[in-house]
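In what follows, chain A forms one complex with chain B and a second complex with chain C.
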Partner chain A sequence: MTKPKIATTSLAGCFGCHMSILDIDERILQLVELVDFDKSPVDDIKKFTGRCLVGIIEGGCCNEDNVHVLKYFRENCDVLIALGDCAINGCIPSMRNEIPLKECFDEAYKDGPTVYNPEGIIPNDPEIPLVLDRVYPCSEVVKIDYHLPGCPPNADIIWEALVALLNNKPLDLPYELVKYD
Partner chain B sequence: MSEKTIKFKIDGKEIQGKVGQTILEAAEEAGIYIPRLCHLKGITPHGSCRVCTVKVNGRPQTACTQPVVEGIEVENDTEEITEHRKNIIDMLFVEGNHFCMFCQKSGNCELQALAYRFGILAPKYPYQFPKRELDATHPDIFIDKNCCILCGRCVQTSKDIDGKNVFEFVGRGPEKQLAVNSKANLAGTDISVTDKAAEACPVGAIIKKQEGYAVPVGKRLYDIKPIGSEIENK
Partner chain C sequence: MNDKIISQVCSTYNNNKTRMMDIVTTLNKQLGGIDDESIDLIAKATGSPRVLVESTISFYSFLSKDKKGDVVVRLCNDVVDNMQGAKEIKEVFEQELGIKCGETTEDGKVTLEETPCIGMCDQAPAALINETVVTSLTKDKAKQVAQDLKGGAAAETLVKDLGDGNNANDLVKSMVNNNVKKKGEVIFADREDNVGLKAAIEKTPESIIEDLKISKLRGRGGAGFPTGLKWAFTRSADGDNKTVICNADEGEPGTFKDRVILTEECNLLFEGMTIGGYVIGAETGIIYLRGEYAYLKVFLEDALDKRREANLLGKNILGKDGFNFDIRIQLGAGAYICGEESSLISSCEGLRGDPKTRPPFPAQKGYLQTPTAVNNVETFCSVARILEKGGVWFAEIGTEASPGTKLLSISGDCDNPGVYEFEFGVTINDMLSESGAKDTKAVLVGGPSGQIIGKDDFDKAICYDDLATGGAIVVFNSTRDILKIALEYMEFFVEESCGYCTPCRAGNVLLRNCLENIVEGKGQTTDLKYLEELGESVQFSSRCGLGQTSPNPILSTLKNFKADYEALVKEDDGFNPAFDINKALSVAEDIQGRKSVIFNENH
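Take a look at the complex of A and B:
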């Protein structure tokens, strides 16, 4: 029997949640026996090679590329897990949600105390993904099946969730693992 | 007040309360935790957060304001009521900007602790991302309205215990917000860091400066034990 596949991605996040995946330490040896990794920063596979059982999403959507990647994951994964506070509620990037986008750009590229930009250009190359009006939690863009909170989530909660999912068992998380910080 | 006992039931368990006690107080003495947010010992309960809602003879009532009466049947830990409480917690989370990841109150926050106790992994409602203000003008205390859940504990504590009337609510409905009794900001009020109102906040909306992150992760109030377990394990 072929092993089920896992894909992961980091959208508007800091890669801290991916670091937390690596924090499962030597259990990663057990994990590679249980699953294969498909598209993921872990193995640098850029495109899905086939249907995946689990897609793990770190980060919310702050630009159009994030939205494309998230929809790409939804199309190719049976189960999507929003991993960490950014994917669940936008977290630190969403602090800009109450500030108009123009003010954010002006501060970043024109008025900031350390900015040198005499021509006052705001980057607009077509190669650069368009920034969205605000940061969107993943569940506002596609259907998310499971949420694992934390900033970052504890490695144990990731492990418990994956093992339960792969063995088709109900997820019963101990109290001290569910944390929002 | 007489010492006559009043017998009633919570979830089928016989409880003995005293005349003048609320359901919440009588339950607490009997080792039953009824979740609450706006209730604080020492101030007059006003039943605004609705988290302590129980069913008394089939009708919803706030346990913090409802006095015990002989023979009533109270439902507390039922699926229906827990669902109702989780909804309130969910709504409070999406209505403000609760950035637990850097909040100084995280780990000691009662709203967060209730969400942990109910096992909420993410709120079921869409986030509102409201625009809220921060008042850091006072040298010892700051107000972060992003976290404010309008429970009124600071308002009551300042009024009833400190005798200062520093806080009050202004606006109605979705526009309701916390205001301070001064021309401009908190620095213009007579609040002092030793006031009880400075520590009445269940969330991270009123924070004492220079004390942040003093307790390491893992040793904070609700890191290991759920809120209410101190009552249940009495």
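Take a look at the complex of A and C:
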């Protein structure tokens, strides 16, 4: 029997959630027994090689590339999991949402106290993805099947969620794992 | 500069910080707004922290720190007003005054604003101009009003023709009409004043409670709590000082029956409150009058004075030794949540209208920690009648489980909007035919916190165990878009949530947004389940009655008008149709002067 496949990506996130995936420690050996990794920073596969059972998304959408990748995941995965607060609600990156984009650019590239940019250039290479008017949580762009909260979510939560999903069992998370105050 | 006025007003209220509402509403009226400096002065005079003064001012929509125009025009933007052309009226005002809603004319004369239901749905579109109510606006009338105001006319001079009954009284002088379309046996009946009160003081409080239990009277404000039981609890609660409060906040959109009682039958209300004082052993009575009804305040105060002169209020009432009771009027300042009894108590105490945590319940610790009975206007009136005619008499009117009559404020798509006193048990069909409603598609029963029902339910009856209502009935005919109406009502709750707890503060916004997407054709089949689940979560986890009922416009239409939703939503394809990549990119495209490479084919 072929193993189901998992893909992961980091959009507007800090990679902290991916670090937390790695924090499942030696259980990663069990995981690779259960699944194959497809497109993911873990193995650096850039394009989907086939249909995946699970896509794990870190981060929300702050630029057009994020939207593109997120849609690409939706098209190629049966189940999408928004992993961590950035994917779920925008989190830290979305703190810019109250500030007009022009002001963000000016502060970052022109007026910031540590900026040296005598020509006042805002980077504009066509290779650079255009930034969105605000940061969007994943669920505002595509349908998200499950949300795993935390910044980052505890490795045990990730592990328990994947095991439950792969075994088609209900997820039972002890209170201590989902208590954040 | 304002020192003198401020210290004067504060000392009128004995520099008492629990009278902060009176202090700030009076000053707001005199100064046009209460700026930082004034806040400092009020804080000092009343010995309260500055932040308390400021948070009170910031909470109520009729109070502000910014100076507003000499005249503030508040256009009612309730669903019924909008059905009857309020949007065009707004355009006329904006055009004539040369400002948008939310702005003040350059000469500082007029401020234009919008406000939710002001209790005039039977004579919509209406507006509140300072404290003067202007009703049945047409585009021509609106133009005239705007021009008069621009010319410096005072708000009172806008009233040309006086309304019926006491609306024409010298102390009211209002163009509002009562529109009493049906009189019943209890409230709008032929009767003699004070017979109930005189009968009451011949009895013991315990036996009056017994009468109330026999009558099976339940609260008329919405929640329907048995009045006898509430008064028994309050009577037996520990505490020497107790309080009787009449809830005349009448904020539920579509309700206006208490306004008519206050105008025509205020003595019946005062009588009921005085009996309340006797029964629970309270000496303090308060009427919480919504700010929108401020035009009735002088008239009501005069009626109270007359009662004092006749020894129907004050010390040893009607010669009954030791029976002391008096009533003051507490004016609200434009906040729906203040109709919720614990918020109302906060407001009477001079605070923001935040609901209180329960327990303790008001009956245990209410106004200034005293055991307090809060009841609706109509409830007190019913009590006075029960004391006059007996609990058995009352119990035989209406239905077995819901005795008595119920005042219904009927408005919307019907020929005869107004106040109807029906016996409990009247069906929606009867009510529709009596009010001249035709081609009815939906009826809102109990205001937005109640339910929107369709034809299948028109044979149901108004009573506590079928269709309960505080009195609001709004009729919609087949030309109306029910989902847009539900959306307007959600907008109302988003505005009026006090913001204390997250399920209500954020949940209502999410519900509103999702419904808005659906109405705009950007909804998916899965949204319907989302609305239902989120709506139930908001109901379940909110802290007070507002959030516990605010999802009802959505939940009841999902139940009764499912087809309207299904006609609008698309099959779920995994992508969110409300997300618009072109719009999301347009700002950056403008700044950077280039088009998206990835999504270019979409442009």
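As a convention for this text, the second predicted complex is superposed on the first by the 178 of 181 C-alpha atoms of A that agree within 3 Å, B and C clash if a C-alpha of one lies under 4 Å from a C-alpha of the other, contacts with A are read in each partner's own complex, and residues count from 1 in each chain.
Just so it is clear, contacts are C-beta pairs under 8 Å (C-beta built on N, C-alpha and C of every residue); 3 or more make two chains touch, one makes a residue touch a chain.
Quick caveat, the model's predicted, so the values are computed rather than measured.
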Side-by-side fit of chain B and chain C on chain A, or clash: clash
Partner chain(s) touched by A:Pro149 [first = chain B, second = chain C, both, neither]: first
Partner chain in contact with A:Tyr175 - chain B first, chain C second, else both or neither: first
Touching partner for A:Asp85 - first (chain B), second (chain C), both, neither: first
Chain B versus chain C as contact partner of A:Pro93, first or second or both or neither: neither
First (chain B), second (chain C), both or neither touched by A:Val141: second
Partner chain in contact with A:Gly60 - chain B first, chain C second, else both or neither: neither
Chain B versus chain C as contact partner of A:Gly13, first or second or both or neither: neither
Candidates 109-117, 127-135 or 163-171 of chain B: the single one with C-alpha clashes against chain C: 163-171
Contact residues common to both interfaces of chain A (with chain B and with chain C): 134, 139-140
Residues of chain A defined as touching chain B within the complex: 82, 85, 88-92, 94-95, 97-98, 134, 137, 139-140, 146-149, 151, 173, 175-176, 178-181
Residue ranges of chain C touching chain A (in the complex, touch as defined): 526, 572, 574-576, 578-579, 581, 583-589, 591-594, 596-599
Of chain A, residues touching chain C in the complex: 64-65, 67-68, 71, 74-75, 100-102, 105, 122, 124, 126, 129-134, 136, 139-143
Contacting residues of chain B [partner chain A, same complex]: 97, 99-103, 106-107, 112, 115-117, 119, 121-123, 126-127, 129-132, 217, 223-226
